[in-house]
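In what follows, a single structure is set out as structure tokens and then discussed.
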Amino acid sequence: MAKISLENVKHSYLKRPRTPEDWALKKLDLEWSNGGAYALLGPSGCGKTTLLNVISGLVRPTEGRVLFDDVDLTERPTDRRHIAQVFQFPVVYDTMTVRENLAFPLRNRGLKASEIEQKVEAIAHMLDLDEMLPRRASGLTADGKQKISLGRGLVRSDVNVIMFDEPLTVIDPHLKWQLRSKLKELHQRTRRTMIYVTHDQTEALTFAEKVVVMHEGRVVQVGSPVELFERPRHTFVGHFIGSPGMNILPCEVSGGGVHFAGRRVEVENPPRGSLAGRHTELGVRPEFVLLAEQGIPVNIVKVSDAGRYRIVEARCEESRIKLLLEEGVSLPASNASVRFDPAHTRLYADGQLLE
Amino acid sequence: MRKLGWLVPALYIVFLLLPIYWLVSMSFKTTNEILGAFTLWPKKFTLENYQKIFTDPTWYNGYINSLIYVVINTVISVLVALPAAYAFSRYRFLGDKHLFFWLLTNRMAPAAVFALPFFQLYSAIGLFDTHIAVALAHCLFNIPLAVWILEGFMSSVPRQLDETAYLDGYGFWRFFLKIFLPTIAAGIGVAAFFCFMFSWVELLLAKTLTSVAAKPIAATMTRTASSSGYELGLLAAAGTLTIIPGAFVIYFVRNYIAKGFALGRV
Amino acid sequence: MEGKTQNQMGWLFVLPVVTLVAFNAVIPLMAVVNYSVQETFGNNMFFFEGVKWFEQVLHSDRFHASLGRQLFFSGIILAIEVPLGVAIALAMPRRGPWVSVCLVLMALPLLIPWNVVGAMWNIFALPDIGMLGRLLNDLGINYNYTQQPISAWATLIAMDVWHWTSLVVLLAYAGLSAIPDAYYQAAKIDGASPWAVFRYIQLPKMRRVLTIAVLLRFMDSFNIHTEPFVLTGGGPGNATTLLSIDLVKIALGQFDLGPAAAMSIIYFLIILLLSWVFYAVMTRGEEQ
């Protein structure tokens, strides 16, 4: 197992990239420590699959280096990097049984039959595939096949990192959580480095110890799920994470204070220098937008029921503000006032958290 | 060893081109020269064969006629085969396996068996000597082929694709046209080319069902085998010209056939 | 292949296909069956004769001989064209400018009308004025397909391989292109050798496409008429008289509609049986 470092990595699929849009991955430096459970989270097209392929060696980065335990492996092909990958749709060898599938990577590496037998049994047991061993792999359901894919990675002891590329895409919804928990459990047990790529924040936040959020080829924030939720360093992260996402509201900074809709607002990170010429915004999660007797006047536009609470959509001038209402709290018919909890309201300039 | 991989297709192509070169060189020779002696290159290079074809309406109309009914047939065959192949691939219905095999059986009988009955049938419904008659008649063997090929490609597309699309809110036709068809592009390319090809070269039925108005090139070419023995130079020129439309078709569908390779990243 | 959904709507989807094909097939077929059980003395007079023609054909030595030659021919054709076609498809470039070149050049033999194919090989292989014939004889091989049965057979087979292998190549190539990259990537990660990739990924995934190729080549080679007829006319003697050539000789030459029709039906049934065998063998284990 290894520590994986990406230094100055940039990648473009075009031979001669010209504009920033031509780069799928803009300059990034990342380190993945041994044994961690990571998620690569971001919307479609943000470059997370490209990044995954750079680590696995399926893509050679246009610039930069890939190091495993400080050894430069940028030039090394995939099969020499000791990685395993689980793909978006199940990849199994249809003509083989489950047992043969799991044994395949070991047979190719010349292990002894008894060793292979032992490892296969152990991994099959871990994955609850014991009864399936003699069956033909093609006959399993999608989640079974993904387990086989995973198994082929776990069965090898030389694996540095196991990578998952949106592995739950084709799994039935009611089986997703089962497989997710299984993956987490497996990580706890085997302590292998795992990198999980997804656009689904639930998957990312429940699996990972550390989440790497990506947007348009850049790493926007790296942090634990709690950090990302509580203290997003970028408006994109704030908006992307959480359901519903953070409210991002335009604001002005003048006279040392922050103003929204003509009213002064207290923030957790008041500005210190001048912010002239920068695009300033307020970020506050719906959880921390509260109804108040006096405050910013809003018009209630829509109320949706989300089970234990209700999501209220309100309008103030041109902006939409979302807030959460618990059960039992009453709502004025159309006009109301809200205020923002200062401890959880933050100022952002050009999308970045002001620190 | 890997480096020499290109040798295999290269040698094969050379093997293919030799007789074609022979054909083309024959087209520039006079029949006398062809039968008289062995010459690698036309000793007396002549364009008279091509001249004959380009100036004689019965000849060039032959090409046009053939082109018309072949295109009609290809379009009909592929269009009709698509939903049928989808049904065979995705649905179970009464008699589906037998029906599928029955389709193929229609390709099994030699055309000679159908020649006379077809003549009677199509004359009876007043379609004798029309392009549509030949186009429809060729459906006998082209539709089964198209269905079989398309079904083969459709079955290798996992059902999850359909299901994921429905979950994402796609209606059936939008899914079919925007997602499904591009996925089986290779199958469509191959099916379309084969329909074109088999219809284009089919001689017996095309000859039987036409006389003047829709006379195909294949029929005109058999004229060369009658009176003065084989007019080989003319036949060779006609044959060479026959290759051209098909070459266009395959060039046109080449991206469909190799589509999967171009997709690259998963 | 995961389970299909029960859906009688399927019939709606296949209706156009069934209509067009049945229209062309059922009516003419009825006519053939009609002829096969009757005797005619010309003048449009038909007498019902039951299975007399069938018995006659099935017991005829001539039929057995043609059938034997035909089986031999189709067998060799399949044994050469299918592996060769697959090998070429595997070796072809996947991307880049050469793809178009390869595809177009390989398609050319398929597009030549069959009588032209026969005629050009006829001259091409002539020992005195043909390129191939001259070359072989100049190399010291005593080759004359118009007189030697073995040379005739060799030429016939070479012609068919030249003509039709590309069909297998195109099908196999398209089939290969439908295999998602992820399989190759997984194989790389698993450390699989090129042979293992072929055996466990490429070949299984090409199974359906290869079934089509095998069935097509079998049926078409069993039915083959124009090319060998123009090349050798069935000769020398009847060395290369395949089934359909014999059938046409009987039907047209002697105007024996009864035996010809009966032979057609037997012919058809043989193809049907053998195709079904191929089909069953190649698709076994697919439905689970």
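Letters A, B and C name the chains as they come in the text, with residue numbers starting at 1 for each one.
Quick note on the criterion: a residue touches a chain if its C-beta (ideal position, glycine included) is under 8 Å from a C-beta of that chain, and two chains touch if they have at least 3 such contacts.
Note that the structure is predicted; figures quoted are calculated from it, not measured.
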item	value
Least step count from subunit B to subunit C, where 1 means the two chains touch	1
Pair with more cross-chain C-beta pairs in contact, given A-B and A-C	A-C
Chain nearest the overall C-alpha centroid of the shown protein atoms	B
Centre-to-centre distance between subunit C and subunit B (centres being mean Cα positions), rounded to whole Å	15
Distance between the centres, which are taken as Cα means, of subunit B and subunit A, whole angstrom	51
Distance between chain centroids, defined by C-alpha means - subunit A, subunit C (Å)	55
Sequence positions of subunit A contacting 2 or more other chains	87-89
Multi-chain contact sites of subunit B, meaning residues that touch two or more partners	158, 265-266
Subunit C, residues touching no fewer than two other chains	180, 182, 185, 205
Of subunit A, residues touching subunit C in the complex	56, 58, 77-79, 83-85, 87-89, 91, 93-96, 104-105, 108-109, 136, 138-139, 149, 152-153
Partner subunit A, residues of subunit B touching it in the complex	158, 160, 164, 265-266
Touching residues on subunit C, where the partner in the complex is subunit A	180, 182-183, 185-186, 188-193, 196, 200-201, 204-205, 288
For the subunit A and subunit B complex, residues of the former touching the latter	49, 53, 87-89, 142, 165, 169-170
Subunit C contact footprint on subunit B (complex, rising order)	5-9, 12-13, 15-20, 22-23, 26, 34-38, 40, 76, 80-81, 83-84, 86-94, 96, 99, 101, 103-110, 112-114, 116-118, 120-121, 136-137, 139-140, 143-145, 147-149, 152-153, 155-156, 158-159, 184, 186-187, 189-190, 193-194, 197, 200-201, 203, 217-218, 221-222, 225, 230, 232, 235-236, 238-239, 242-243, 245-247, 250-251, 254, 257-266
